[in-house]
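Consider the two complexes below, in which chain A is the common component and chain B and chain C are the respective partners.
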Partner chain A sequence: MLAQGFLALLSHWRRHRLQLAMLLLGLALATALWSAVQAINGEARASYARAAAVVGQDRLEQLVRADGMRLPQSDYIALRKAGWLVSPVIEGEKRFDGERLRILGIDPVTLPREAAQVDVGAEDIGLSRFITPPGLFIVSRETADRLAGAATPPLSISEALPSGTVLTDIGIAQDLLDAPGQLSRLLIDPRQPTAAKPLAEVAPHLVRRAPVAESDLSRLTDSFHLNLTAFGLLAFAVGLFIVHSAIGLAFEQRRPVIRTLRAVGLPLRTLIGLMVAELLVLSTVAGLIGVALGYGVAALLLPDVAASLRGLYGAEVPGTLSIRPSVWGLGLAIAVAGTLASAASRLWRIAAMPLLAPARPRAWSLASERSLRLQAAAGLALLAAAWLIVGFGAGLVAGFTALGAMLLGAALILPLLLSVLLKLAAALSKGVVAQWFWADTRQQLPGLSLALMALLLALAANAGVGTMVQSFRQTFVGWLDQRLPSELYVTTRSAAESLQVREWLRQRSDAVLPIWNAELRMFGQPVQVFGIADHATYRDHWPMLEAEPDAWDRIARGEGVLANEQLMRRAALRLGDTIPLEAGVSLPLVGVFSDYGNPKGQVIIGVDMLVKLFPDASRLRYAVRIAPDRAPQLAADLRRAFDLPLENVVNQATVKDFSLKIFERTFAVTAALNVLTLGVAGLAIFASLLTLSGMRLSQLAPAWAMGLALRRLALLEVLRSAALASFTMLAAVPVGLGLAWMLLAVINVEAFGWRLPMHLFPLDWLRLFLLAVASAVLAALLPALWLTRRRPADLVKVFANER
Partner chain B sequence: MLLELADVSKSYPTGEGILHVLRGVSLALDAGESLALTGESGSGKSTLLHLAGGLDRPDQGAIRFGGQDIARLGDRELASFRRVSVGLVFQQFNLIPSLDVGHNLAFQARLGGRHDADWTDRLAERLGLVKLLERYPEQLSGGQQQRVAIGRALAGRPQLILADEPTGNLDEATGDAVLDLMLALLAETGAALLMVTHSTRLAARLGRRLHLTAGRLT
Partner chain C sequence: MNARLIILMLLLMAVPALAQGFAGLGGDAQGFAMPRRGVPLAFPRDHGAHPDYRIEWWYLTANLKGDDGRDYGAQWTLFRSALAPEERPGWQSPQLWMGHAALTTAERHYSAERVGRGGVGQAGVTLAPFSAAIDDWNMVGHAKPPADELSALTITAAGEGFSYRLELDAQGPLVLQGERGYSVKSAQGQASYYYSQPFYRVTGSITVDGKEIVVTGQAWFDHEWSSQPLAKDQTGWDWFSFHFDSGAKLMGFRLRDQGDGFTSATWINPDGTPEPQPPGALTVTPRAWAEMKGHRVPVQWNVSLPARGVAVTTAPVIEDAWMETQVEYWEGPVRITGSHPGVGYVEMTGY
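Then we have the complex of A and B:
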């Protein structure tokens, strides 16, 4: 009985192969985009975890300086003498042939075994090779590929290390980082002898830091990954519209079969069970295809994502994917859950359907005006909820919840809005064909509304994210002009060279402005401190958001601090608040500047104050003011005079180009996901039109019989699709603007710590409008072509009595 | 002679081979005349009606309307022929569900550029549809829908009305009333009627009757 019932149900798909293909394709695509995002996020998170686990930071307590600065090696010696089992680590960044790498120097002899990710005593490495010059770089295979040809010590491969990290001996690392006798931290061996002297006696300026299970990178990049996840969910939701539509149609078309199966004695529960089993089979097949496709999409997107993460956060993520069981599991689970959720209401209706209920193949799409109004009311409620969440909620999750509520609310309102618009168009039409066209379009609305809602979501996301990205771009370009007014930027290689270069430049340029910096922790976060000279370059150009009238004078006198917007928002600072700096010195906040693209907090003080408070501050960089036409010659002379590499003397245009490239790559992923989402929405329309085309014949045949030629009817079908897409686009613009506003004013502030002004780009909307109409026309083309190729015999069947 | 079918044959390919629906059928119909076409299911009645209305083309033979062979017309000319010269009434009514009764009534007449508002109003009155003009087909009974279909067929004052089991979906009393109304209006407009029916009782009410058996007139 079970097998017979199941076969009877499955026979539907044999007769409706296109419908089956659309169902599988919709679900596979939805799963694919979701899985792609999960695979990318999984790869990145695994990479952060590897980074966090390097030399046991995630398991071992450490001793560090409270201010975050490096500690002298003498502290290590003193502690060892006092009986402490500690091991020294130095960490820093270094460029090799343009590749920026994280250098980790360890002492393999004292390294606790919990921190020994790589056995340096192993045969292929060898302790003596590791500790004696030129030493050994232990890196991942990907890092080794990146370093091919660079002047480095010999390389040894270990996949235990994250991409972009070099593990080497501490002495060699100190030389490379130009930090002789300095350490970043001391790892505390868990097996400490009880007799050791107290820390306060031996090294009172050091503090214990608990193991850090979650790296700074993981925290910093959370918002980036949340953004990707939100996009993945949006694409999945758009795909589910196809699934819901296809399942709904299939269930309604099978009403007679279901009625017959029940009439011949198949119990209702068994029937529902068979239908659930059928859905499980279909969703598993589609889910597997979807996850496989998702890996393909992820492989295509990952290089851009990796570049974004490196550019934005300095986070190293390998450009290759690993197969993760969690992605497969999650992908399949969401495919099955999405399918069952899409089918739940249909299954419920079948469970409640009387045995002798008539088959109504069109009933699924004939939503009444009342249900449209109810749906719109739910939409309005969601919009109101979004507004309330924005007003009273806080945090990124609240921001995305508001965003989701707004998008879903707008989608629910769309069918009623279109219905009203089409009614108006019919009322304003004069010709009989135009009147019929609008009235018939309105009648098609219930069958197409799910696809149109999907299109609205995709178009609104495109318009909104596009507006956000373009607003960001416009602001960013203007901001770069303000932030990078100097003609040349010079990075020297050592303190000694720095002094010489400064002196050399002073004689040949209008001004040499130091860009010296130090790191410290304040308000529980790492913050960069920059010292700048008192110069018109800053007074005239610096991108201030708010400032005291005498801010620059106070900075010059060492009586004030500027903070970037990120720090101001995270620490809830206001002008006049006290900013704690080094050695008990605190200064009032006198201004806040915009600092787009920087994930970290930053403060600016006068350069003299920086030198006073941070004697060890890095003093290697300068900005040089000179007449723009003289800049290229000066750069060439400088490189020649000090044998400086090309990348150490860069002009303003190069820095801007580099920044813009990072910017473009950062949003390349967003743009790709945008296009894919629009593609899925286009497919939703195609699927709906295709499944409706079979039913359309009985609606079009009377008009044909009364004298409307098939070609004209086909043209009207294409126009209908274009008209609906146009109206949907009209609705998508305000939704997109709302989305852009929320991204700029809510999500960005929560995620990155900066708020951007919103600019409008009507030409982009026009392009999107044309794209939407083009995709709708394309979607309608095949069914229309089929219509023109119908034989009269197919059409007259509609009128035949013996059907 | 308004309509003439000369040696018309039509066949369809089926899974079991070629099905010959009509085999050399010839008939003629004068203006204002009414002709009933009877026969068993599958005898080819509806196919003949569809060919006469320019909905399909014969494999062989000529179908002349007002002396012109419509079997030789292209799609565009056939569509124009249907718009202007023919009124169609089907058993399933085949009204346009998205248009209300008023718009359905005038639809074909307006398509053919033969809309006469006074005549359409009179038709609505005669057919008892005045109070239903703003309703949609799904809100009407079968009898009401068929009255709208008859009104739609007559609104453009075509020379020929083709009716395929026009009362087949109605009970006997309603069917009789609908047919009475159609015949009265035909008499008023002078249009010819070719009606397919199973019912010999209804066929007897028309001027002439022909019987089809296995694609041949008997």
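Then we have the complex of A and C:
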């Protein structure tokens, strides 16, 4: 009985293979986008964790210099001689054949075991080879591939290392980094003897730094990944609309089967159980396909994501995916849970259905005007909630919750809105055919409303994200012009060279502006301190958001600080607040400037002040002012005179170009997800129209009987789809603008720390409008084609059949 | 003192980071210098390091009595092992160093370990004046010429829960082990350069869990270097250094293998004249066993050297003198009763 019942239920899918395909496809696509995002995020997070765990930084306390500069090796010896169990580390960057690598030098002998990721004593490495020149580079396989053919010491592979990082002996690293006798930090062994002398006596300029459980990287990139996750969820929600409508349709069509099964004695409980089992099978199959597909999408997107993470945050993420069980598990779980949630109301209805309920399959259970209103009321409530969350909530999660509430609310209002619009159109139209057209469209609305809601979401997301990206772009380009007014940017390689270059340039240019900097921690985050000269270049161009009228004079006198917008927002600063710079020195905040694309906080002080407060600040970089037409020649001369590598003398155009490239890649992922979401929505419409087409004969037959040719009817079907898409697009524009505003004014501020002005791009909407209509027409084409091929006998049968 | 050769080898084998350089120990000496019979030792030169030999150690054990009337023991050791038979500047140095320090009371045995690389000043041995050091552990000579550089030493060490500072004053001459410092180790003929200073009188203080105790006593110093591998069938050893109340000293050891083992001993007269004993002259038999930290170890021994009329029994100051270092072993002070009463140190590995 059980088996027969199950087979009877399943037989439905054999007779409606397209419906089955749609259900599986919808679910698989939804799962795919979600899993793709999860896989990408998982890969990125794993690489942050590897980076954070390198030489135990996430578990061990460290000794560093308060100003972030390197410390002399003599400090290490002095501390060991004073009884401190510490182990030296040097870190720096170096290029090998154009590949920039993070060099990490360790002493494997004193390295605390918490920090030993790689067994240097293992057969394939060997302590002797590791410490004896030319040494050994321990790298991940991906890094090894990137380094193929480069002139490096022999490579040894270890997957414990993050991409782009080289683990090597401390002595080898000091030579490579041209830093003999220098160290970046000392790892403190957790097993310290009690008798050690106090730090203040041995190395007073060193401070203890707590282990960094969460790397700065993962904190900085959190918002980026949350953005991706939100997109994944949106895509999944859109996909669920397809699933919901396909399941709903299947349940309606199976009323006779269900009645029969109940009538021959299958208990209700068993029946429901069988249907749940069926859904589980279907969703598992679709989920598996979806996750596999998701990996494909992720593999395509990952190189772009990796590039933008590297560009934006300096985060090294490998361009290749590894298979994670968590992604499979989560993907399957969300597919099954989504399916069951979509089917819950249907199952409930079957449970409540009288045994011998009419087994008449209907086009759809017609939603009453009343239920449309209820739905719209719920939508309005959601919009209100979104407004309240924006007003009173804080944080990225609140931002995304508001976003979700707004989108869902707008989607829920859509059917009523369309119904009203269609009623209006019917009232305005003349002629029988036109009136029938509008009335029939309205009649069809409940069946299509879910697909149209999905379309609304996809269109709104497209319009919103498009507006956000374009606004960002426009602001960013203008800002780059302000931020990069100098013609040339020079990076020297040593303090001595820096002095010579400065003198050389002074005689040949209009101005040489030092860009010297140091690093410190304030307000619990790493902050860059820049020292700048008092020059019209800054006074005239610097992109200030707000400032005291005499800000530049006070900076020049060493009596004030400028902060970037992100630091101002994160630390809730206002003009006039004091900024703690170095022990004992605090200066008032006199201005705030915009600093897009920089994940870190930044402050600017006068260059003299910088040198005074941070005697060891890096003094290697200069901006050069010169007539633009003379800049290329000067750059060439400078490179020749000091034998500087190409990348050490760059002109303004190159920097801008580079910045824009990072920008483009960052949003390449967003654009790709956008297109995919729109594709899923198009599919939802197609699925709905396809399944409806079989049942619409009873509505079309009378029109045909009264003289409308099938070709004409088919054309009207296509037009109807286009009209609904157009109306939906009209509704999508304001929703999209709302979305864009939320992204710019709420999400970006929370995620990146800057707020951007919103610009409108109506031409983009027109393009989107055409895209929406085109996809609706495309979706309606196949059902319309089928209609023209109907035999008259089929249509006549409508009147004969007892229905 | 072949025993300590094994200890060092085992120690380094077990430290993954240090193991590779010793993977070839079963074979030849890979370019390292070899001890040769008849080469005289010269001091102070040979108090220093011999980087062209694979392994070397400076080893000190002290039997102490506190002003509280109780027995204590202290150990201070610096091991050197070379990845290559040379010295190079800075971090490139192939010389690796390891220190062990221990303090024994009747209640507890404290032990600590330090590791480091040569070339950067963290660890090493220098002469004029003599200094052996790793981190904050020091063995510093302050003898006035022409006295031997080792005749007056200050040693310091600290670990979790303990520290000590001991002043050592030699009451007798250096003692060359074996054939004037060329010490044959086994039936197969392995050998090392080996000399001792067993005549130290000790004063100083120890600190146990924050409490300082003034101590006096006697100490025994060994310096030994070699490059040669050991026999593969040797499973461990038992080593003894005795200060008899009569002023005479005895050094002896047994290497355990599948058969009867290999024993060797040196009788040292109160004036410092060594009398090397033939292999097998010494017999050692466990008298009582105890279980500690998962190991069953003999804690009392019957030791006899019939040629000298020695028939003594050892009893430890504390049974659990287990060294909780990367490779573990037993090393602690003992009291000696029987034909020649006195105090001494016992070292046991491979249990």
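General remarks:
Basically, the second predicted complex is superposed on the first by the 763 of 803 C-alpha atoms of A that agree within 3 Å, B and C clash if a C-alpha of one lies under 4 Å from a C-alpha of the other, contacts with A are read in each partner's own complex, and residues count from 1 in each chain.
As a convention for this text, a contact is a pair of C-beta atoms (placed from the backbone, for glycine too) under 8 Å apart; a residue touches a chain by one contact, two chains touch by 3 or more.
The shown structure was predicted, so the numbers you read here are calculated from the model rather than taken from an experiment.
Once chain A is used to superpose the two complexes, chain B occupies space next to chain C without a clash. By the touch criterion defined above, A:Pro108 reaches chain C but does not reach chain B.
Of the two partner chains placed by superposition, A:Gly391 touches none, neither chain B nor chain C.
Touched residues of chain A, counted separately for chain B and chain C, are more numerous for C. By the touch criterion stated above, A:Val120 is placed in contact with chain C alone, chain B being left untouched. Rounded in steps of 10, the angle chain B-chain A-chain C defined by Cα centres in the superposition reads 140°. Looking at the shared chain after the overlay, A:Pro762 reaches neither chain B nor chain C. Contacts of A:Pro549 after superposition on the shared chain: neither chain B nor chain C is touched.
In the superposed model, A:Gln174 makes contact with chain C only, not with chain B. Of the two partner chains placed by superposition, A:Gly584 touches none, neither chain B nor chain C.
When the two complexes are overlaid on their common chain A, residue A:Gln443 makes contact with chain B while staying clear of chain C.
Fitting both structures onto chain A leaves chain B and chain C with a minimum C-alpha separation of 80 Å.
In the complex of the two chains, the chain B residues touching chain A come out as 12, 41-42, 46-47, 50, 53, 55-57, 75-76, 79-84, 88, 90-92, 94-99, 103, 106-108, 110-112, 115, 152, 164-165, 168.
Remark: chain C residues 15-21, 23, 83-84, 90-92, 94, 96, 112, 114-117, 120-122, 133, 135-136, 158-161, 163 touch chain A in the complex. For chain A in complex with chain B, the residues that touch the partner chain are 432-433, 435-436, 439-440, 442-443, 699, 701-712, 792-793, 795-796, 798-802.
Remark: chain A residues 73, 76-77, 80-83, 85, 107-111, 116, 119-123, 125-129, 131-133, 169-172, 174, 180, 191, 193-196 touch chain C in the complex.
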